[in-house]
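You will see chain A twice below: alongside chain B first, and alongside chain C after that.
For the complex of A and B:
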């Protein structure tokens, strides 16, 4: 008996240990993913921090997360990114219940959900979707549409019946589904748009899980639960409040003092560490590669950067792997990546990245090659050039310090110019620079969005390298129209090889790293590589 | 007795004790705090000039294996967020501080003195016009005007020197003018005018040498101010840019981020700024006391 009891007690201990370790692993690997298995709790007000405020309330004309974070929960979009997908690339229906794509890839037919009502009590129909997308794709004169250029393939939007919307395309578009899941493409009421197309710039009214209460400029946004939300059982929260806190230290202090549950954009590694140290088990941390990257832009109209050997030398000099380890301790950068966020469907696997100039682990060999190329290009030892950078400390400053140091290793002297953002942008746009820290950031991970910038000057409005490369332009078109993912992946790889290796038009530094330390009470929210998506808050709930 | 010895062809005692050495010794005895300030200033200048030899490491050399390292035998004052030696960066930073400090103080005090004396000499409408222009500049606090100038001109050592010098000019002009107003009425200035000397000659040879005392006082006082302003501008991201070693720059960015876990990144450069400014102010105040005849007689 005693032996049996002891054995039973022993097995219980082992089982307890296994369960404990498994629980810990789940918590570590999945962040609040473990919480997704729990039964959501109703009630409570989510309080989060937004660092800045938008110019207007109209998602179609704005491009800032400062609008999406507090206002996205008021609206629905036609499609959305799956709120449980950490890659932020899997598209699911929001107002669209289902959709079909014609065999030629030029007709997309969406069936809308039934019983969806605007917060003013009117029914949502296909007319509203058509009116909203007409405003986005074919804006009337005097109306700004921030992302109009992403829908050049669309010929017409039709509403054949109250529950059906059809998008007719001029040519197949591999990214249309992603583009229709844009977190900015809120569906507005057609009648209101017909009366006043600017109404939504100053008013907030949608079909979303929350109803707008008030916005006190410079202070907060408030919204309450929509009791008639079409997705029965949601949302779980009674409401939310978005506090406008501009200062980064004050944002951290708000989370530390438990006055705010979360800030959805991201904190630095040191801020994360200080919160974890202060709050222990009360804080949960979710991290992800971020769909933003700082690039080295080289002005092809200035010598020696018109010579691809000199450009290749700049990228070959970078020890990205060591940089990743070191800089991730002090800055919001981490992964070594190519033109797509590591771990997402079209990203290059590590073994392929390794083959690109400057991505090898054999840094000595890369730097010897860089020196050889510089000599061949007639660039003397100690050659000095200016590195124009935007005076935003994080992560622009640490990246610049790292770049200057890396280039010193191959005998180049970069003079760091840390200039005001508006002047920096103007200088890059006007080609008044030699080498500059440039940036690329998208609202969603998709090759169309992430590669657009690198097409030839004249096609791309923000190709600050000032080059023309018809091969790249052609590859962009091919990947954009390739409906087969494998075929598209092949073209993206070719594009990447040409951009970063063969021509070295640009050099990628390190992928930004998104760090969200939040109250452990916040459940049902999953980090993605984009700080624009997954902010509808319909799946979010607060634990006891 | 002394007079007798002099008559007999012996060197008088007063001549033996004269000169700079004697003046310096008198200064040290009479104003020990000023002397301490002068020594620290001299050390700063020496360290700035010999930074390449004195600094144990290259101030730009990163060591990612030694990031945020505590003070140790290898790195006496620890390392920063890039593994750079803090001591070496402070030593090289003194060069930046001295370069900016001396350049701004010299240019500001000199140009201000010339304008002030000229304004006082001509008087009348010219004086009125110059003084109102100076008043416009004086209406702005030093740091605000420096910020405005640097935001127009951009960052970099040259622009920072200009940004700090410009607000100093009207302040120096005001002091120089008040001294020069008294000198203008002196008989020897009238005599120079009567002799037909040009305005330039009268200002340069007869008036400027007589405002040297306030000029020297301003020079030393502005040195400390310029160092503090340079550090402030760099701290605000408007001064010199990374990776240039500069004290104010060392206080921003990662030093703020890691203030709790790596306080040495901020403490030592902060101490260097305080020490230098304190030393320049001590020295400047003592110099003023020594050179100002009104204070000397008290």
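For the complex of A and C:
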């Protein structure tokens, strides 16, 4: 009897695992590919989970996904990232039907779509685009623009006629097109901004595929289909509801109980596995490298981290390839990458990464080199230092534990200080640390966005390494102005080599890994490396 | 009695003022500030210029005494101001969550009272019998079991056995009583069980003490009917400490169910409190502390009135 029960339990476990693994493989390999070939079905309400809430409704002043996920479908942007592109780097028109770039790279002319209406019935014209971008790039006194710094190349925005917008630049910019596809740069009504520039902080009204219904703070957001949407035939959904669920376990439970179809930010590997095991074929999983990474910040104003030999030793001690295998089972990290998300246009190929300090497969050799450098720099065996870390468990805690172990293997003793987020942020900003876990996360994969942080202190607002490196600053400018992608790639490689190898100002750990298990009913949504991108929901539909 | 009530009401003022001073300055001592937090999120490009602008907008560039004065004069006019994080009026932020927290507190209290008083009385009457032992085991288990843990067990049980989860969005009682009950009965049971454990033990010990009093012996010697002795003489006197425990627990439930609210995804005051502190939302935290302090003081005031009503000696003291 007991044997039979055990056998039955064993076979159930095996069956569960087979179903789970098969479901996972199908989902990961297939993604929404199958969905793309099917005919979209109209109707239904998409229910998704958002883990937190924004402070205001104004995309121009906020920087959180908590605003983009529930509110992006209400708006359009001038350009957008192609919703079918897994790299999240291919830009297509949203309100712009087409555009041209002058030969000198300093004038961008956008032709707007005709017949676009705001949800209040008024027509969208180039004045609205100009007013929105003027607010972002040249905010009036008392108005905060979160991403103003990304548009320093822009001299003026003009609206020569109702359907044309012109951006005049002071110098050529390789990233302007990407910056204009920012998921935060919603187009507002010029008349409203003229009357009250703060109106959009507390109101939601755009031209997007969905019309705002209500936001009950701490509970949910609701929106309904825009029947007069300019992209005829879209959207497919009747509406959507974004449930505010702050607890991670409650988020998983919501998907598991089919109270929500999806959570667009990401789950952990164990949460994915539990959902796949519980729901089998009812769940699909999409995964992607994530444009977020934890870094090792070394305070250049504190000894011995003012010596690049000591800094190099810290990065040489890391066995990233083994770390990737072990940590990807328990944490939201996976790929070994440089300054760009692996697999995206400006990322270093593996053979080039291998040449950087700490990226070699020959770990014994790297660690021997680390020990030699430490001796040369006068750092004694058993040298102890503090590693300040943010008290956010995932993935900060496992990464820090891994770092402490890696450094112990070259004779360094790191004391892990797991401190409250606000204190951690303040300590990093004020330089009150020796070594710290720092972070870099962008809304889109683009060298301008991803490298900005690493420019000299004073230029970058969040260079917590507290160094000045004019060579790096110059390389940043060069890549930023190189309109030829190959030339830009070359400068990005040079930047990467200097940042991570020659000067070892910062050490990259492992690329975050985005895991989205969702109801298999959800179709027409493609994961990208950014959790800020691809949330307009116009292409999303629900299968029966 | 009128003089007694007035005296108690007047005593509330210095207490609330003391709380106001402590919370205002305590919030300023905590490291980190709202502006850094607000603009240091993912994909941050916060410049010093932006941070300074925001500090001026929120009035954080003003000297502390001026900030305190502005806040306290607002309170006197019952104007709690706006949340520094969302910019929404604080009364609106609280109003959204108040109904849920109040209803949950009332439901948990009802469950606790309905369980605790009969069980406590029975345990006292059947002291040292198997009935008493069972009641004591159940109540000790309740004390040892955190409400949120019991909540997780409920959630997992419902999910695994019935593949069902309580509704995740609050529906007011007057809109759809059934949906409302489906959502709130589980947290009310989880919280009510622990709450009843405290009250059961208090009822039992208070009853045991009263049952040994001379006036009970006298009543029995006079040949009074046992049920009458229990209800009119024993229970009424035993209720004094029980009432205090129930009232204090009720006040605690109004803002203290942080983890339980998280587990059941309830949009209540507890979660709002935690978020306000985490965001360093000074104005909202201060208002919530004042609200909870007021609830505690007011509930205590009601308990004191009840004491005075139950035991006339108190009001003449």
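The rule is short, and it goes like this: the second predicted complex is superposed on the first by the 515 of 544 C-alpha atoms of A that agree within 3 Å, B and C clash if a C-alpha of one lies under 4 Å from a C-alpha of the other, contacts with A are read in each partner's own complex, and residues count from 1 in each chain.
Here is the rule we go by: a contact is a pair of C-beta atoms (placed from the backbone, for glycine too) under 8 Å apart; a residue touches a chain by one contact, two chains touch by 3 or more.
Please read these numbers as outputs of a predicted model, since none were measured by experiment.
By the touch criterion stated above, A:423 is placed in contact with chain B and with chain C alike.
Once chain A of one complex is fitted onto chain A of the other, the partner contacts of A:250 are limited to chain C, with no touch recorded for chain B. In the overlay built on the shared chain, the residue A:202 is in contact with chain C alone; chain B does not reach it.
Within the superposed three-chain model, A:41 lies out of touch with both chain B and chain C [touch as defined at top].
Residue by residue along chain A, chain B and chain C are tallied for touches, and C comes out ahead.
In the superposition on the C-alpha atoms of chain A, the part of chain A touched by chain B in one complex and by chain C in the other spans residues 420, 423. Taken in their complex, chain C has these residues touching chain A: 31-33, 36-48, 50, 53-54, 57, 85-88, 93, 96-97, 152, 155, 159, 163-165, 167-170, 262-265, 267, 271-272, 278, 280. Within the complex formed with chain C, the residues of chain A that make contact are 55-56, 63-65, 142, 144-150, 201-202, 216-220, 243-247, 249-250, 253-254, 256-257, 259-260, 292, 420-423, 425-426, 429, 441-443, 449, 452, 461-462, 532. Those residues of chain B whose C-beta lies close enough to touch chain A in the complex are 60, 62, 64, 67-68, 81-83, 151, 154-156, 237, 241-244, 252-254, 257-258, 260-261.
Residues 268, 270-271, 273-274, 322, 325-326, 329-330, 389, 391, 393, 397-398, 400-402, 404-405, 408, 416-420, 423 of chain A are the ones that touch chain B when the two sit in their complex.
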